Every structure is written in structure tokens, then in C-alpha cells.
Amino acid sequence: MYILFIILSIVISLSIFLFKKKNVTTILSIVFLASLVIISSYAYLNINKTDNIFFKYDSLGVLLSFVLTILSIATFYFSRNYLKKIDYHSRNVPVYYAALIMLITALMTAYFSNNIAVLWVSIEATSLFVTILIFFERSKVAPEASWKYLFVSSIGIALAFIGILLLSIAGSNDGVTDLSFDTLRNVVGNIDTLWLKISVLLIITGFSVKLSVFPLYTVAVDAKTIAPSPINALMSTVLVNAGFVAIFRTFTVIAHTEIIAWTQNVLFVVGLSSIFIVSIQLFRVKRLKRTFAFSTMEHMGIVALGLAVGGIGYYAVILHIVLHSFVKAGLFYQINRIHTTFKSKWIDDFSGYFKINPLGGITMLVGFISVTAIPPSGLFVSEFLIFKALFLGHRYLIAIVAFILLTVIIYILGKIFLGILYGNVPDKIETYKPNYLEHFLQLSFFGLVIYLVINPPAFFVDLINNAISILN
Amino acid sequence: MISLLLILVSALFFVGIITKIKAKIAARKMPSILQPIYDVIRLFKKGAIYSSTTSLIFKIAPIVYFSSVLLAVFFIPFGGEAGLLSFHGDFVFFAYLLAIGKFMMIIAAMDTGSGFEGMGANREALYSMLVEPAFFILTASVALFTNNISFHELFAHFHIGSNLSYAISIASIYVLVYIAMVENSRMPVDDPKTHLELTMVHEVMVLDNSGFDLALIHIATWLKFAIYGSLISDFIIKSTWNLYEQIAVYLGVQIAFACLVGILEAFNARNKMNKNPQWIIVLSALAVVVFLTTLIITQKIILN
Amino acid sequence: MTYLFIIIYAISLIYFAFEERAKKFVWLLVIQGLILFGMAFFSLKEIEFFDFIFILTETVVVKSIVVPWFLNRVRRHNGLKRVYEPSMPIFYSVIIVMLGLIISFVLSNTILDNKLHTQFFTVAFASIIYGLYFIIIHKNIFSHVVGYLIIENGIFMLSLAVGSTIPLLINLAVLLDVVMGILVLGIFMNRVGDTFQTDEVNQLTELKD
Amino acid sequence: MTIIILQIIIILTIVLFILPKQHQNNISLLLQLGIIGITSFWAIKAFTTSNILEFPFINLLGHSVSIKIDKLSAFFIFVINLTSLTGLIYAKGYLKPYLQKKNATEIAFHYFNFLWLHISMLLVVMIRDALAFLIVWEIMSLVSFFLVIFESEKKETVKIGLKYLIQMHIGVVFLMIAFIIACVQTGAAFSFDGLSIYFASHNPFPIFLLFFIGFGIKAGFIPLHSWLPHAHPAAPSHVSGVMSGVMIKMGIYGILRVLSYIHEDLFGIGVFILVISLVSGIIGVSLAIVQHDVKKLLAYHSIENIGIIGIGIGLGVIGLAENMPVLAVLGFGGGILHILNHSLFKSLLFYTAGSVYKQTHTRNIEQLGGLIKKMPKTALFFLLGALAISGLPPFNGFVSEFLIYSGMFKSLHAGSLLTDIVLLFSFSGLAIIGGLAIFCFTKVFSIVFLGTGRSDKTKNVTEVEPVMIIPDFIIGFFILLIGMGSFLIVQPLMNVVAIFTENASILSEMTSVLNKISLSSGIFILIIGIIWLLRAWQQKRHQVLENSTWGCGYTGANPALHQYTATSYADNFVQLSSKVTNVKKEFQEFDVDEIFPKERSFETHSSDVFEDNLVTKPTNETISFLEKIAVFQTGKIQDYLLYALVFVIVISLLTYFNLL
């Protein structure tokens, strides 16, 4: 079944790429979205079933696939608005759509892959297609960004691959050669812990490029600065989630070995240093998108902390991942509007947005509240749970430091957001007639984030609980 | 009731006595002891001039001031007998009552928009602010001593039991005299007889008052004196004495107080203006000493 | 027999440290590709036909023919003769690569795992670490790609080390890695060359706010 | 049933955004009345019934959060409702000039936030579940932040707003930590009620300290106050009125709520609160005296009054600790009553000050003067507020202070030596605060409203429109009611105090005293009336003239020239308090040969010692430091990979040395 989906999407993207016809593109994209909905709901229906040994519809995958589906639909919609201004053929828009579809497919594969090698391959694929999309705007810095992203992420992936190889040493034990997570879980116990540690270290380092946390966060940030906003919306949400899936699955593999404590400490280092770097780098930021790229990094740092401390942290982490996806997506869609309104990408050029576009202003405000995890934002709850977990785990110092750094981050973000929203309207900015559907979509994302914590639907909670059930 | 009458009576002559004493010491020909009364009567016979700058505040202030002082009189007990109004913590009310009078006088002075009165006003405000704690600490030490918190009970139970109370009395009287001087803005804080506005406190505040209002202010001053006089006398009078003794002692104390004020005024020189605050804060310090002695007497501080 | 290849490979690494001409780098890559083929060929017992073909393409065809050819194209396209001075003097680089080799030899000696061909570890580690080091010390995109390829070779050897029965997936992975790396990196190097009219990475530092 | 209506109203607040500007105020007033109706109904029920009202409100993370209303909550509900109502009425007039400047969404957003401030404050006092509490608490801070930056055209305002938001966030972090630690260590339910278990078994002070800091930042205790003197002037006056009137009291509520669960070793806590409060009171009012910005001045007075409330509470706690019921009851009673009183006169003062600002467009009192003739109603209400806040009879401020005083004096005899010393400091402190308050308000009232105008700003000023006076009447009524009929509030007050101590009935003994006070006040007013009539009668029979102020015989220039200014009025105090207020004078000395001096300017600037040394300097230094070390995004791939290498190596080393 899943193979069918892959084949279908490959066919679709190829034909979009080849035909270069607008209506073809439209129809095929709709078909693709439909297939997305079908596959994710199919996955939900036969949850925890494996699909030809390489794929398994486990809870985490299903949950994230829902997120992916929703965001993909939104992204296609916003991409349409985004590409309106661009002449269809000159900028070979088909490439955009083809790459986008392949990216989404790769991501879906990453979520559902039950085999570390498949996971790895699909993540590799994502960086390939993302690079194409980053390059799309062809601005002066586009090649630089895409080059850096591709190169460093290849290195990262290579490192991760070494890690996987070392794991596969365990896999190749007593003849079994498949690297499915279940097998690994069983055999991982009888590897020399030194090897295990090295492999985990390499895997974390390698995938940090996707999770956009320390140490290899840098290129992800650059890429998000350059990529078109709709792509950003995917890069800092579902793509990051793919990185999370990779690390989470590895984590589950070693969850019951004796190196778990060590791994947790490593994750603490990763998380804290990420948050720290964000809290200082944000002072230098001049491009608006970069701000959000860093904010993504901050949230992933928090996620790393939560994953490290465990306990209710696990639940909180997955909740955080999901909520963060919606918030960030909503914000990036809005950013595109800001860029077009002010015809600039630099923070200094933005001011008085509230006056120019009140509805957008409100959206930005709500976004600000949501992204900085100020109540009633749902992220507040997940962050709160993570911190509670930290205290429960007696990681007082880490919690306090994180609190301080987060406060700094909120301060800077606040400064930036308020600068955009208030102050005098710059000259020659025509007040903009809001596209209600856009704002409604964005606001509904933020609303969803609040709703999911105020009154989470049963299946949502169950999915999360199942996803983490393997850990404790 | 008695206390009210007594205070009113003694108020009538108080300032007269002071002037007389001062004149005597200065070896001047002394005016009649009733001279202040004549002045006031003359004022009552006059009309009034109001500054065009002033507003309603200026008109109502003297009345509020006078009424506050008059009402304050009601609280003063006499010997064993309570004042007309007496309840737990009445001295707090008493203090704040005088405060509201001052408040109105101050803003009235500011209402005239005159630089001189501004000076007087802010000095008055500062000094009365500084003197307030002294009064409270003093009363507190008595309250601590007698475990009562109304004027009447304070003094009614003051001298019952040990004569140690006199230790407190003397100290308290000393402080109280000076508080009275400050509250009535006499020497050494303020010289009512000076003719230079820049160095006045109380007098300069009432430069623009005339006629009826001025009369009220004068009377209020007498009453204030009488009030403090009778407070002092309450420190001395034992509630166990019979009424005549009490009245005799009371009047004696009032006269003695008046003379004392006169003598102080005659021999003291007025403080430098910017010396006044520290001089006033000394009163609070003394009051604290009284408080500590009380602590010793009530054996909260045990010494051997 | 394998030891011979390993030694040659080690030497090739040292030469990477020593050389400064882009052309030489390409040739070294060719040699390494051949070495890898040799290693694979001799180390794998009961080798089936399919595997053989696969390894042949992976090593000889891709690593020592397609890639070098491609790199040469790029080199000419960018008119690149002499790699600009690395930020670390060659003298030290050589010493470092020596040290790296020693360490990784010693390290692989410590591994006591009977089902691993630890002899591969010796150079595999060395070449991965050295690849990273190579990238870090060079300012030049071309050398970065070279460094990346060195790492890839190291990884290939690691996958050999895993044992006689290589999971097919790993092969796939390696192949994808190489292809991806070369094609896309190459394309981008051309583009970057066009856009910046130079291949100094230091020119690629607009994004640093 | 009622709860559903409330929820519906809460949701309906969204409607504001689709309304045209003109109707927004009325509609929000309508919604607010609904909220007030329901909550007041609950509050009354809570007061009349002996047990705690409780019913489910919303779900959070699946489990339901319920509203709990005990007498303390009920009391605060009354306070909140009253002030918020007057605030909204006042806003109708105050925001009129802004209607042209701002677009409908902005105005709607403002009213939306105002309503939400009201709602969130109500929820704060009604919710016990810790997580929900933290959320509504932060919502309160957030919406108040949006209210503060209403005049967002000014960069300065936004900056102040941001500072405010950050400090509030720090506060909430402290609260969060406190809650988590308390409930983690005991495994108790994650709510206020869970605290009781913790406090029963642990030394309460550390956790209480965390709570105190968290709530104290909101309440504005010195040295946690630094947001307050900036946020209040920046905000529109109805907002400052509500913020200063009730929102900062939420901090007090929190402290009270926490205290209600502590029963062991309270003495230290009591002394701690008392000391902080005395400092806040005295420093607050001292700083208030030297201000020229009327709203900033009022803001510092809020700090002072928080201090007075704190003194009451601190004494109450000491009373509990030393088991002196009188002190406990009267301390808590006075403190809690002062919460209500302060909310009344402080909002009144802010509204009237706002009216002055609206008409004169300046908050600098040095430019004002003589307004009593131009806006008499406003002036008189300001005077009323001034008298009340100075704690003078027969107004409400006096009653609460009186309760505290009599509590102290009553317990002097019974108290131990230590207690007596503490009391000594308390009542002298309170006396000084009172005196300083008088000093300050004589200054501000006379400079703003009396004398003659000091600049053209006071020319052609008119009285504000009636709608802005209505709130003054409402508040004034309550001020007088509590002032004159203080015996009325004894019963309710007793109910509230009963939460903290079982022998609250002592308050009922105060009834007779309060009756006497009302009587005396009555007589006072009677005497005033009589004498007024007397004078009227006397002056009918003599001529009453009007003439210019006596200027030492010189009548040439306009008196405003040699009229006293705020600076000169405060000068003799400044000399005393120079250590705290450090006022800087800027002027140019006369030259020796300068026979005919040229025109000169004289300025004074005061700065807040605590704010400078505890907040401004450290934060600035940290930020600049962080900016300095932000060098990771070099843009060089080599460096990026180096990070990875370093990371791997470091981790390996750490692992090798067993540090991980």
C-alpha cells in the first residue's frame, strides 16, 4: 500500500515536471493532496500494522502524518498565492511543485519508515529536494544558502550514516541483516556500550542538521532565511519533525540499555547549548525569517531537554512538537504577507504593520503570543510540562538556566515583534485589503494550538500516549 | 464636660499670659492679659478681603482648621473623667483631626499663589510631618504602660499602682512641651513676632486671611495651646484626687505651661530654618527613649 | 592482500595532506576508488554476481571514473589550477594526518569483535576524520567536495568492515550518498562559480547576521 | 447555568472586532455589566453561605478546572468589579480624542483587552488550580501590557510596555517554580490547595519567598517595583486607574492566598513582609514627593499604599505567629480594608489626573496651576481623593489605617519585647508615611489646581464632559460611605479575616469604636456647617472686598512669577531625603560681575536608586555582554563543521573521563 503511494507521488511529480502545464499541475497537486489524506487516514485505520517490513504505521508516525497532511494542504494553498506574482514558465514553477511533492513524500516516508536505513535514505532525500526549493527564489544569496545547506547536511547525514553502520554491527549479529527498529531494540543490548555511545553520538550529531539544533543548526537557519515562506513553513515544522522522528526512534532503540543516562546528558548539552546560542544570536538578527528560524531552534532545544529528562517530558515533547508545527507554519504564512506589504526582508524596514493591516496585526500578535509560549498559547502548557519534568528529575540548575535564557529570548522577540507591529507607518506603503481566508487559516492554526491543550480530543491523547508507551 | 470648659477658659488667657511674661522679662510695659481677646473681638467686627487668586479652598480652610481644633478639644480627658468623645484609639483620630486642619491651611496658603505663603506652607507641612511620630511614640509608651488605648483610660490608669509612672511623666512632659511648641509654631522653630516673611512659618501662611477667618485662626491657636497644656496636666493629675484638687492643679499647670512658653520664647533664639528638621527629629528620639524606659519599667527589658 | 590496499590507502591520505594541486586531488580520488574496489573484491567471500556488479559500479565506475571526470569538468569550468593555501600549513597537516593514522590504528586494535574486519577500521576512521579536517582547513569549495568524498570513502570502508554480508540497504545508501553528493554539489559549484565569479568559500559569507 | 452565561459572554468579547468605533464602548459596557452581574451574584452567595462556592469552569489538558469562591475571592470580586466598571465608563470620555487617530480594530482591541483584564482578574481570584491560575495570571499581564502600549505611536511607550511584559514574565516564572517545587516535593495536587500539605511538613519560608517575589513584582513592593512608575504614566488614565486600583492588588491577593495555607513558623515571614512594606511605604512616598509627572507621582503612591497594606498583613501574620489575636485580626482587617480603600481613591485620583491631562495635554505639574477655577468638579474630586489617600478623617483611608493603628496599640502591652520593637517601628513608620503623604498631596493639589497657571497650557481649559465625572461620583460616594459609615463594613470584613484567624469576632468589638468615629466625623462636619453659616451671617453685615494677593507691597507683576513651584515646595524635603531620592539640580551659577542676570533655567531630575542599581544597570550590562559573544553565525562552512567536530570531541572526552 505505502509503496503504491510512493510510486504514485513520484509519477505525479515527474509528470508535473515534464508537462509544465498549469492546469495539469493544479489537478495533479489536488490528486496528490487527496492521496496524502487517504494514506494518512489509512495509516490511522490500521495503526501499529507493518507494511512490507520497511514501513510501520505507529502512533508517532500517524500523528505527524496528520500534521504533515494539514500543513501540506495549507502550504499548497499559500504556495499558489505566493507563486501568483511569478510568471509560470520563466521561473519553472513546475520544478517547485515537483520538488515540493517529492519533499512531502520523503517526509511521509521518514515518518512511517520502520527501518533505520529507510529512514536515513528518506531523510537524505528530503535534503535533496529541500535544496532545490531553497534555491527557487534565485536571490543573490540563494546559491550560498542552498550550497551550504546541501553540503553540511550531507556531511551530517554521512556522520549519521556512520552511526547507523555501527548500529548495524548489532543488526548483523547472529545473521539478521535487517535494521528494523524492532530488531535493533532486541539486539542492541548485546553491543559493546562504547560502540553504542559512538553511534548514538554520531547519529545525534548528524541528524541535528535536520532537527536544527546544536551543533549543525547553522545551515538550517541560513536555509530558512532564504527559502520561500511557504517552504519555510514546511522546513521549520514537518522537516524538523522528521529530524525529531529520527532522533526519537534512535532514542527508543537505546531507551532500555545502560547508556540511556549518558544519552540523556548528551541531549541536555545539545538542548541547553541550542537555547543559549539562540538567546545570543538573536541579538544580531537582521532578517525577519531568521528570527523565526532561530525561534524554531529554541523550541527544538526545549524539545531536546524534554526528551532528555523523560517522565512526563516525553508526553510534553510530542505535544510540543505538534503544537510548534502549527504555530510556526501560521507565522511563516503571515511573514510572506509582511514581506510583500513592505517589499523588504529586513526587520528595520518594518513598522506600523498594525495600522497598515489590522487583521494581519492581530494575527502577528497572536502568533507572537503563541510562539513565545505566553499563555493562552498551548506551547506554554507543553513547555510548562517539560519544566515540571525537569524539576521532577531534579535538574533544577538546567531548568533555571533555561528559564533565564528563555526570558532573554522573549525579550528580543518582543522587541522585534513590537517594532514590526507598532510605530509610524513608513512612507509609500498602501494599506492592504486583507485576504480573509489567509488570515482565517493562520488564526485557526493558532486557535487549534490553544484548543489542543484546553480540550485535547481523545484520539490525540491516545496517539501521544501510544507513541511514548515504548519508552516507559 | 468639665475638661471642655476648663480648656476653653484657659485658652482665653493663655496667649495673654505668654505675652505678659515675655514683656516682663524684656522689661517692657505689659499689655493687658485680655489683649488677645480684644484683638479677636475687633477682628470679628471687621469685614474681609479675599485675594482674587484664591478659590473656594481659601474660604473653607480656616473654618475646617478651627473646627478640627475645636473638635480635638472634645477628646481631651480631665483627670479621671473622659472627654466628650472618647473611644479606643481616639488619640489616633485626634492626631489625624489636627492633620486635616493643617492640610487645609496649607493648601489655603498655596491657594493665594504667593511665594511667601508657599514658604510657610511647605515648612508647616514638613515640620508637622516630622513631629507626628514623636506624638505617636509618646502615646504608645503610655499605652504600653497602662495597656489602654484611649486618652481617658490612658490617664485614668496612668498613676494607679507604682510611682514609677512619674519617671515617664517627666520625660513625656518634656517632649510634649516641645511638641506643643512645634505644633503651635513658636520658638525655637518659629518666631511669631518676627517681621521678616522669609523667616516665618505660621504667620506667613495667614498673611491673606482677614476678619472672621483670621479671628478663627487666632482662637484655634489658643485652643491648641490649651489642649497641650491640659494633656500635660493629665500627666500629673492623679485620677484618685478629688475634683477641686484636680481643677486647682490643672489651672496651675496651664499657667505654669504658659509661663514656661513665655520664658522659652524670651530666652531662646529661633533656630536657623534648615536646622529645624533635625531639631524636631530629636523629639522623636527623645520619645523613643521614653518608650524604652517604659519597656524597662514594664520589665520587658530585664536589667540587673 | 587487503593489508596492501590498506597501506596504499593510508599513503594516499598522506598525499592528500601533502598535495596542493586540484588535479592531483582528482587523481588521488581515482586511486582511492580503485583501492576500494580491490578491498571489496578481496575481502568479500562467497561473492555473488549481483553484488560483484554492484560493487564494481560503486567503486570503479562511480568513484574512480564518473566522479573524477565530473570534478575535472568543474575544475576546468572554474579555471582552478592550484588550490589556495589551506589555513593550516601543509607541514602540520602532514603531521596531523600521521597522528590520525596512528590513533585510528591503535583504536582499531582495541576493538575485540570477532565478526568485524577490524583491519578496515584502521584507515576508515582515519579517512573520515581526515576528511572533516580537510574540509575545515580548506577555504575552497572544490577541496570541500574532495574532503566530502574522502569521508564517503571512509564510510564505504566502514560498511565493508561490517562484515561479509553487507545489508543491501547500506550499499544503496552509499550509492545514493555518492550520486547525490557529486551531482548536486557539482551543479551548485558551477552555479556558485557563476554567481560569485570565484570559488573562495569566504565569498560565501553573506549569511551571517 | 450562570457559568454558561459567563462563558458565552467571554466568547462574545470577540464581537467587538466587527463593531464600528462608536458602539464599541457601549457594547463592552453591556458585556461588562453581564460579567459584573454574574460574579457579584456569586460573591454575594459566597458571603451569605458559610461554605465555599465551587463549580466546574473549563477543561485543561482533559481534566476539568473548577471555580472556587471563598470569602476572600468574593471580597476581591467586589473590588475588581467596582473599579473596572468605573474605568470603562471613564474610558468612553477619555478615548474620544483617539477615535479619529486610531482605526476600528485598534480601538476594538483596546476594549477587548480591557474586558479581558477584568475577566482575567476575576479568574485569578476564583481559580485554585495552579496551571490554570498561572495561565490566567499571565493573560492578565499580557492584556494589561497591550493596554499599556495603547499609545503605541510613541516608541518610548512600547519600550516601557516591553519592560513591563518581561518583568511580569519573570514574576510568573517565580510563581511557576514555587508551585512546581512545592507540589513536586509532596506529590500533592497541583493547585493552591496542594500547598497546605507542603507547608504542613516543610519550612515555609523558602517557598513563600519565591511566591512573594512572584506576586511582589505585580504588587510593586520595593525593590520589585521598577515597572510600576513607568507603566502607569505610559498607560491611558482609565487603564492606569484600573491597574493601580486593582491589578496590583492581585499580587496582594496571591500573597494572602498563600499565607492562608501557612500555619507554622510565621514570625519570620511576618517580619519579612513588614520590613519590605515599611521600606516600600516610606521610600515610595519619598520618591513620589520629588516627581513632576503627576501620574508617575500617583504610581509611586501606589507603591506607598501597597506598603501600608503590607504593613497591615505583616502585623497580622506576626499576630498569628505570636498568637496575639487582636493584632492578627486588626492587622489583617486593616490591610484588607485598605485594599478596597486604595482601589477607590487611587482610581479616583488617576481618573481626575487623566481628565487634567486630557484637557491640558501635559502631565508635568510645573506647567499647571489654577485649574480649580476652570475644572471645579475635577478639582474637588481630586481633593477628595487626596484627603482620602492621606488617611485623613472623615474619609475611608483613615478607617483602614485606624484599624491597623489600634491593632498595634492594643497589642503593645501584651507583646514580647521583640514584638514591641517591631510595633514601634511600624507605627512610627506609618505615622511618617501619613505625614509624607500629606506633604505630597498638599503639594500636588495646590500646584495643579490652586494659585495661578504656570504656562499657556492652562489657558482656555474647560471642565471635562459629564461622562468622565460619573465615575468620580460613584467612587466618591463609596469613599464617603466607608469613611462616615465605617461600622457597615465590619461584618463583611470579619468574614474575610476569618479565613486567616479563627477569632475574627474581635472585629465586632470595633463596631462601637467605629460608631464613635462616625459620630465624631458627623460632629466635625456639623461644626464646619455651623461656623460656615456664622461667617455668612457675619459677612453679610460687613463688606467683603476682593483684591490681589499681598505681595509685600509689590503688585506689579503677575503673582505666578513668584508663586511657589512643585520643586521649591519639595525642596526642604529633598534636602532631608537626598540619599534616597538623589535629586540632581541643573542650573547655572551667577557670575561675579553679572549685575543684571540674564534669564536662567532651573531643572531638577530625580532618579530611583533601587531601579538604577537593581534593574537597569544589571540588565543593560548582561544584554551588552550577550551581544558581544554572539559570534557563532560566522557564515563559514569550515566553522560550522568545526562545531560538529568540537562537539563530538568534547562529548567523547567527557565520556572518557566519565563526566557524562
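Each chain carries a letter (A, B, C and D) given by its place in the written order, and its residues are counted from 1.
One rule holds for everything that comes next: a residue touches a chain if its C-beta (ideal position, glycine included) is under 8 Å from a C-beta of that chain, and two chains touch if they have at least 3 such contacts.
Just so it is clear, the structure is predicted and the values come from calculations on it, not from any experiment.
Asker: What's the fewest number of moves from subunit B to subunit D, given that each move must go to a chain touching the current one?
Answerer: 1
Asker: Could you compare the number of C-beta pairs in contact for A-D with that for A-C and name the larger?
Answerer: Comparing A-D with A-C, the pair joined by more C-beta contacts is A-D.
Asker: Using Cα averages as centroids, what's the distance between subunit A and subunit D in whole Å?
Answerer: Here subunit A and subunit D have centroids separated by 44 Å.
Asker: Could you work out how far the Cα centre of subunit A sits from that of subunit C, in whole Å?
Answerer: 31
Asker: Please tell me the distance, in whole Å, between the geometric centres of subunit B and subunit C computed from their C-alpha atoms.
Answerer: 101
Asker: State, to the nearest whole Å, the distance from the C-alpha centre of subunit C to the C-alpha centre of subunit D.
Answerer: Chain centres of subunit C and subunit D, defined by C-alpha means, are spaced 70 Å apart.
Asker: Give the residues of subunit C touching no fewer than two other chains, as numbers and ranges.
Answerer: 132, 135, 144, 204-207, 209 - these are the residues of subunit C that touch more than one other chain.
Asker: Going by the contact rule already set, what residues in subunit A reach two or more other chains?
Answerer: Residues 148, 151, 155, 284.
Asker: Which parts of subunit D, given as residue numbers and ranges, touch two or more other chains?
Answerer: 633, 637, 641, 644
Asker: For this structure, give each pair of chains that are touching.
Answerer: A-C, A-D, B-D, C-D
Asker: In their complex, what parts of subunit B are in touch with subunit D?
Answerer: 44-57, 60, 63-64, 66-68, 70-71, 74, 85-90, 92-93, 95-97, 99-100, 102-103, 106-107, 110-119, 121-123, 125-126, 128-130, 132-133, 135-137, 139-140, 143-147, 149, 197, 207-208, 211-213, 216, 274, 277, 284, 288, 291, 295, 298, 300-301
Asker: Can you name the residues of subunit A that touch subunit D in the complex?
Answerer: Spelled out, the residues of subunit A in touch with subunit D are 148, 151-152, 155-156, 159, 197-198, 201-202, 205, 208, 214-216, 218-219, 221, 262, 265-266, 269, 277, 279-284, 354-355, 358-359, 361-362, 365, 369, 374-376, 380-381, 384, 387-388, 391-392, 399-400, 403, 407-408, 410-411, 414-415, 418-419, 421-424, 453-456, 461.
Asker: Under the stated contact criterion, what part of subunit D meets subunit A in this complex?
Answerer: My answer: residues 17, 58-62, 103-106, 109, 131, 134-136, 138-139, 142, 146, 149, 152-153, 155, 158, 161-162, 165-166, 169-170, 173, 176-177, 180-181, 184, 623, 626-627, 629-630, 632-633, 637, 640-641, 643-644, 646-648, 651-652, 655, 660.
Asker: Enumerate the contact residues on subunit C facing subunit A in the complex.
Answerer: 113, 115-116, 128, 132, 135, 141, 144, 148, 151-152, 155, 158-159, 162-163, 165, 167, 169-170, 172-173, 176-177, 180-181, 184-185, 188-189, 191-192, 195-196, 204-207, 209
Asker: Provide the residue numbers of subunit D that touch subunit C in the complex, in ascending order.
Answerer: Residues of subunit D touching subunit C: 633-638, 641-642, 644-645.
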